[in-house]
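Chain lettering (A, B, C and D) follows the sequence in which the chains are written, and residue indices restart at 1 in each chain.
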Amino acid sequence: MGRRVVIEGGLLGTEEGAFRADLVIEGERIAAITLDASDIDADERIDARGKLVVPGGVDVHTHFKDPGDPPTEGFYHGSLGAIAGGITTVVEMPQATPTSSEGAHIRQKRAVGEQHSIVDFALWGGAVNQDLEKIDEMIDEGIVALKSFMAGSSPGFPAATDDTLLAVFRRVAEVGIPYGLHAENDDLLEAGIARLKAQGRKDPMAHAESRPPIVEIEAIHRAIFFAEQTGGHAYICHCSTAGGLELVKAAKARGVPVSVETCPQYLALDEEDLRRLGPFGRCAPPLRARDEVEGVWRYVADGTVDVISSDHCGYTIESKEAGLDDIWQAPLGLSGIQTMYPIVLDDMLHQRGLDVGTFVRLSASNPARIFSLYPRKGTLQPGADADVVIYDTEREWTVHGEDMLHRNKWTPFEGRVVRSRVVRTIIRGRTVYQDDGAPMVTGEPGTGRFLPRGYGRMRD
Amino acid sequence: MGRRVVIEGGLLGTEEGAFRADLVIEGERIAAITLDASDIDADERIDARGKLVVPGGVDVHTHFKDPGDPPTEGFYHGSLGAIAGGITTVVEMPQATPTSSEGAHIRQKRAVGEQHSIVDFALWGGAVNQDLEKIDEMIDEGIVALKSFMAGSSPGFPAATDDTLLAVFRRVAEVGIPYGLHAENDDLLEAGIARLKAQGRKDPMAHAESRPPIVEIEAIHRAIFFAEQTGGHAYICHCSTAGGLELVKAAKARGVPVSVETCPQYLALDEEDLRRLGPFGRCAPPLRARDEVEGVWRYVADGTVDVISSDHCGYTIESKEAGLDDIWQAPLGLSGIQTMYPIVLDDMLHQRGLDVGTFVRLSASNPARIFSLYPRKGTLQPGADADVVIYDTEREWTVHGEDMLHRNKWTPFEGRVVRSRVVRTIIRGRTVYQDDGAPMVTGEPGTGRFLPRGYGRMRD
Amino acid sequence: MGRRVVIEGGLLGTEEGAFRADLVIEGERIAAITLDASDIDADERIDARGKLVVPGGVDVHTHFKDPGDPPTEGFYHGSLGAIAGGITTVVEMPQATPTSSEGAHIRQKRAVGEQHSIVDFALWGGAVNQDLEKIDEMIDEGIVALKSFMAGSSPGFPAATDDTLLAVFRRVAEVGIPYGLHAENDDLLEAGIARLKAQGRKDPMAHAESRPPIVEIEAIHRAIFFAEQTGGHAYICHCSTAGGLELVKAAKARGVPVSVETCPQYLALDEEDLRRLGPFGRCAPPLRARDEVEGVWRYVADGTVDVISSDHCGYTIESKEAGLDDIWQAPLGLSGIQTMYPIVLDDMLHQRGLDVGTFVRLSASNPARIFSLYPRKGTLQPGADADVVIYDTEREWTVHGEDMLHRNKWTPFEGRVVRSRVVRTIIRGRTVYQDDGAPMVTGEPGTGRFLPRGYGRMRD
Amino acid sequence: MGRRVVIEGGLLGTEEGAFRADLVIEGERIAAITLDASDIDADERIDARGKLVVPGGVDVHTHFKDPGDPPTEGFYHGSLGAIAGGITTVVEMPQATPTSSEGAHIRQKRAVGEQHSIVDFALWGGAVNQDLEKIDEMIDEGIVALKSFMAGSSPGFPAATDDTLLAVFRRVAEVGIPYGLHAENDDLLEAGIARLKAQGRKDPMAHAESRPPIVEIEAIHRAIFFAEQTGGHAYICHCSTAGGLELVKAAKARGVPVSVETCPQYLALDEEDLRRLGPFGRCAPPLRARDEVEGVWRYVADGTVDVISSDHCGYTIESKEAGLDDIWQAPLGLSGIQTMYPIVLDDMLHQRGLDVGTFVRLSASNPARIFSLYPRKGTLQPGADADVVIYDTEREWTVHGEDMLHRNKWTPFEGRVVRSRVVRTIIRGRTVYQDDGAPMVTGEPGTGRFLPRGYGRMRD
């Protein structure tokens, strides 16, 4: 029997709601949920009275870009942000040097992660118009999902052609994995940028104007089409529009295999923040008008949105500052892994009248399920990996970039007062982060485990 | 601290599936779910190795008719059938002497139940075209739902007029309780019977022919209309047709507050059984053609059906035999409380490829939720009432009327071989029934608790 | 060759719009449509310069109640109102003494009409819960449609039971005729009246409050259900609610055989008129709130509404005045046959931006088609019956009850200024009415023709 | 007054059906429709007894490619095929040398047509990713519609980008003209061809396999999306799939501005013909499997299909023969202008149980309406242009390439026996073609009129 840890007095959050119980961990697993663990001997006792105890966050959309040349975030620093942000598992995106697009890349990336990561991690494979054989190699190496950009992202990650989309959808229909899509229409987007540039526009709002909602909605419409035609599971990344979510909702109702994520930037920021933040608010899809933001919340509330992920991109401040006078010079993406779930939890519980069950479903159970990690991840049931996060849902703190633990010390939420704070993060039974006033990292690089496809059903 | 019971070695069933864990009960509540309770001292240890441990069944559609003149089933005998059938809570229908239709009736019925019941029980109130004031009286007495017949059932339970339907739907929209409907069109049904009788038909199939699927489908169509217009929750009782379930599915998709139950007779019997069983197969809606049965299973599998209940009617053999030569003389309703969940579990796991999660949702969690008993009932989470049923899902037995524990010793499933057997039933921590080869009742009348509306959220 | 009449210089209205042409009539038929008939010899030349020439109105919903005891309107007086109102064919409702409900009644009614009518006429049969054999008798006598009340109308016209509805829908599916329904829910309506009466309400608005939109919408919802289940054609009479029309629109889109009429009272009056008019504004369904009226116009504009008919009820002023102090004492129904199409045409062309094509479709072609009278009626194509109405669409007049030609000299449109006036009405080639400043009737009783089912395809 | 022609004794076809009447033409216009024109003096009397007299066909999809270098068909030879095929108006596609893509091209093309055409003609403009200013130039020159290829067609006609589609849809929403789309997905199609070629496939079926139904369905799905988002009218060219038509039907039901054409090759040929004909059966979309063909007929019958056009491409036999050993070498497109309407009329009346009204709507009235030529074109109403075609619907003939009057003497319908023959074609009052046993052309080049946008409402 392993080391025993007892978490006492907390309110346990599950998909169905929350209830008062103690949690007993033995070794790496949840051993028991009990009303009263006071009689149980333990190597460690954690007082969770007045706190919320939930399954560790499963952030399925991170960009640690490791190996990376130059390095931007990496598994180690990314893990620091994650554990401080209530995340115990990430599913890392295929952007790296090189882009993950064949079996060897996955092996290499896995090795890097196993060496540096604190959080457990699974891997996306990139579908970049390569041969299906290379995709099958990645599947053989245990990736949990495939990812394509419908709009070109970078030299290493060109836009997937419709032919690629169709072929990959057919393949994922056979294999049974989700096909994640950055859903923006490549042509509309490029034309939009060219038009704004031709007008001499370089201000922050030019970025948003260059890719209005229809750019995203068309791509989602097309992704759903391919899913419906092939039976492959479309996973819509970072949805930012009410129009896109309405399409997803209707598709689900007629039985199309589709799920959808959104991100904190589409829930807690809007285009006024883009105006204010300039390059530090540049991401894709862009920050939207307030109406869209309210629309996205509506589809969170009605169950259309399955997942909230960070889409964390750890760009350097210098690279972002390059866009101060010319928004087009700033790289696309926001840092956010550390702030995501505290902000979302605050908004859900204190602003939006949503319950703990909603938070657990969107931050842990649903992502674990969609990416075949459930029920080893994403739940507190006995036998599950003991990935546990304790929140003080009443504690207020103010977001400051300098307090971020990830590599690059900035955040688009600078100055936001958040009422909900991670006070402890436990991965497979070991406390990796705690904050009794002062944050303290106790996790060590190289302890994060690689999670192959189907991990959720594995016994050992 | 109360008496401690440990259930060891079993497979625990939840809404999300099943996992290996031990269950610890203290007093009346679930105290812990733990991977290994071998170290925990206990007053009683129950060996569940190789067995399935699930939340006790919540049968929301029983007809104990207590007080009844003459008595037919009663809370005591009904409870015996229930506990032998894996049921720990019933929601008892308003049929009784008199029909529950005002506050005093509920008080009286509650008193009878508290004196005789072994299972915990909540109560339906009847909406029988009386003044809304009397309905409000029943609401004040703690009923969890209202029930109407869209087709007249008995002198004490006339068909609800459309005006009643509309008024009650508006009232339940305010109060937030479900409005259960026996959904058959009164006029079509009466005309159908008159037509068949005029033809001199007295054979069993005349019963089915007199109320074809359209009789039910029209009523469901209308019930959904009122739910959609008013915002009141329509709870469709004992749905027997694919056409009706399709309407429910479409209504749910557009946001209408509606839920639906079916019963074992529409899943495990068909019109050939009616032909064979004659009066002992007469119920309303009638047993259906094989196509309809397969259709109902389809909507069980896709999640449209929310609840499986028994609609248990404990008629005497004599009263049923009155229909041997003339089907119209047999009363409407089947006995089935003891056989329901074992048969459903057998069919789900061994015939239909469905999982334990589906069984738990339809037999326990969903009914508890819809009738405001969740999470005190319908789940095994710590803090919940320790209502637990242990099944041996491999043990085969043959259904015989003489083995039934309810008052009247007959069953429409006579001779059916069932692979799934209740081996123990626990209500609030006390074993009330067990079967280690020979069934043994240990529960005592008067121990069943009355469950008022909102019981699920009550702390004590 | 018969007598030749030339109508010169007018604008010809068809379903597709309007164009400049002369019309040549020979005997009873349209002989030619020609750009220039000035060379054609004619017995009579009618100058239509600046006028609109359209197919005679086909009013499929009239209550002449002939034979009637006591007589209220009758074929003769009803015809006078019709021809002054641009109507050349009526389909007369089965209310009479006795209600048309068997073959003999149709023969008798036909004989009365052939003796007294000026306009051509077809007949509805009543489906009043009688044996289907009697319905078949009426079909054999040439009725063009069947009619039921979903809410009871009078002792002779009880509410059709759902069993009747189902049986008649199945029969009309075989025969291929429309089944017209007065769509109000009997029970809701009776309960509503009882409630208002119990409150001591006798004011005009009590009438409207007693049968709110849901009373009609439920009935339409159910009618559509039966049409969808049976394949029989539901013809929804006098629809007064946007909610009902939305249901019809959706049903049409999924292929249900349904069509729908509205009446001028739901287009050109609203509940403020009921308040003002008292018993003279009492009809069923009642005059509606302004929102509903605008809603009905929306469904006129989008093509959902198929027919505009009068639902003309020629009650005596005395009988209406009985409701002055007690609205419940006034009979249900409005006089309107003479004012309908001028008002509708005025509103369409001058207020609502609709075109002549819409007017022709709703007043002539569609009703002729639905009731199997097309293309002998409802169109100006050569070979069709020469039923022609000439409007001066710019001439203004003021509605006065005393100017009505039907028997009882009142109108709910008293004082309304109408810009569109019937200046000539021609039935099968003979001018029956003209108005060159002073109205003049030239039609003679007994010249109206009985139109049996299928008349539209008859050659002679 | 112009020359007077009387067409006697025929059955006149209209959108609503057919009826017996004589037709009187004066000068260029229909002067009268009359039951009996025997008294009317005429310069010419045409005996149409036993014949069908319909509005001249409006073929909105022709490829005369004039000016063309080298010339392939041209307005003159194309006209010959047209008039022998019952077509009196064409809307000529922008393919030519150069592709019509700016104002000057339209002026030039108009001049060529005015010099050589026998049939009246309107012009499409090409949307080939050029500046919107050039599109506006073409609009100013009177084009009736814009056309894009969603899959690249030729160097002069590249695939429209999504940005072009969006911009043009927005523009046509303002202008109120249809935006015609060759709806095949460029990327899927190119990839499909590359794949088949890589396999060494050169056989005819390789062509069909390279662009399966999904290639078309995706493009239609996207076209509808843009129409719905912008309010611009999508006109789907040559739809060949049931799946595409189902999308159109659903879009129409929810109010999207969309219309759709199909062609004889998708109604009267199937993939077995492609196998048989080889290069002479190569077109895009390709000939489809029998199931699709039956599906397309279903949507013709239910009114989803608005237009039947020829997509006539007059390739030389030599150019087609280049594909005999290698299907990819044959140009895409079929000759068919002369055979289209006789075959369609035969199939509708004699094989498919459809009526003359359907033929008139799809061959004349609908295309005229959609392209703003109605009611000057597409109807026989007095005042319309006297474009008349007389069919002998009982006369049988066998299709032979050598009998074709268009430039290149081949046809994919070689050997087909057709029961329906054009016996006379009249354009604005002048007989341009007749066949009393031997075909005779009497029309002269340069008599065809250019029809600017809005011609249908022009008085002169």
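The rule is simple: a contact is a pair of C-beta atoms (placed from the backbone, for glycine too) under 8 Å apart; a residue touches a chain by one contact, two chains touch by 3 or more.
The structure presented is a predicted model; accordingly, all values stated were derived computationally and were not measured.
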Outermost chain relative to subunit D, judged by CA means, is B
Separation of the C-alpha centres, subunit B versus subunit D, in whole Å, is 64
Between the Cα centroids of subunit B and subunit C the separation in whole angstrom comes to 53
Dist(centroid_CA(subunit A), centroid_CA(subunit B)) in Å evaluates to 42
Expected list for subunit A, residues touching two or more other chains, is none
Contact graph of the chains (line, ring, star, complete, other): ring
Listing every touching pair of chains gives A-B, A-D, B-C, C-D
Note: in the complex, subunit C contacts subunit B through residues 161-163, 166, 185, 187-188, 190-192, 214, 217-218, 221-222, 225-226, 229
So, in the complex, the side of subunit A touching subunit B is made of residues 14-17, 19-21, 24, 26, 29-37, 253, 374-375, 379, 381-383
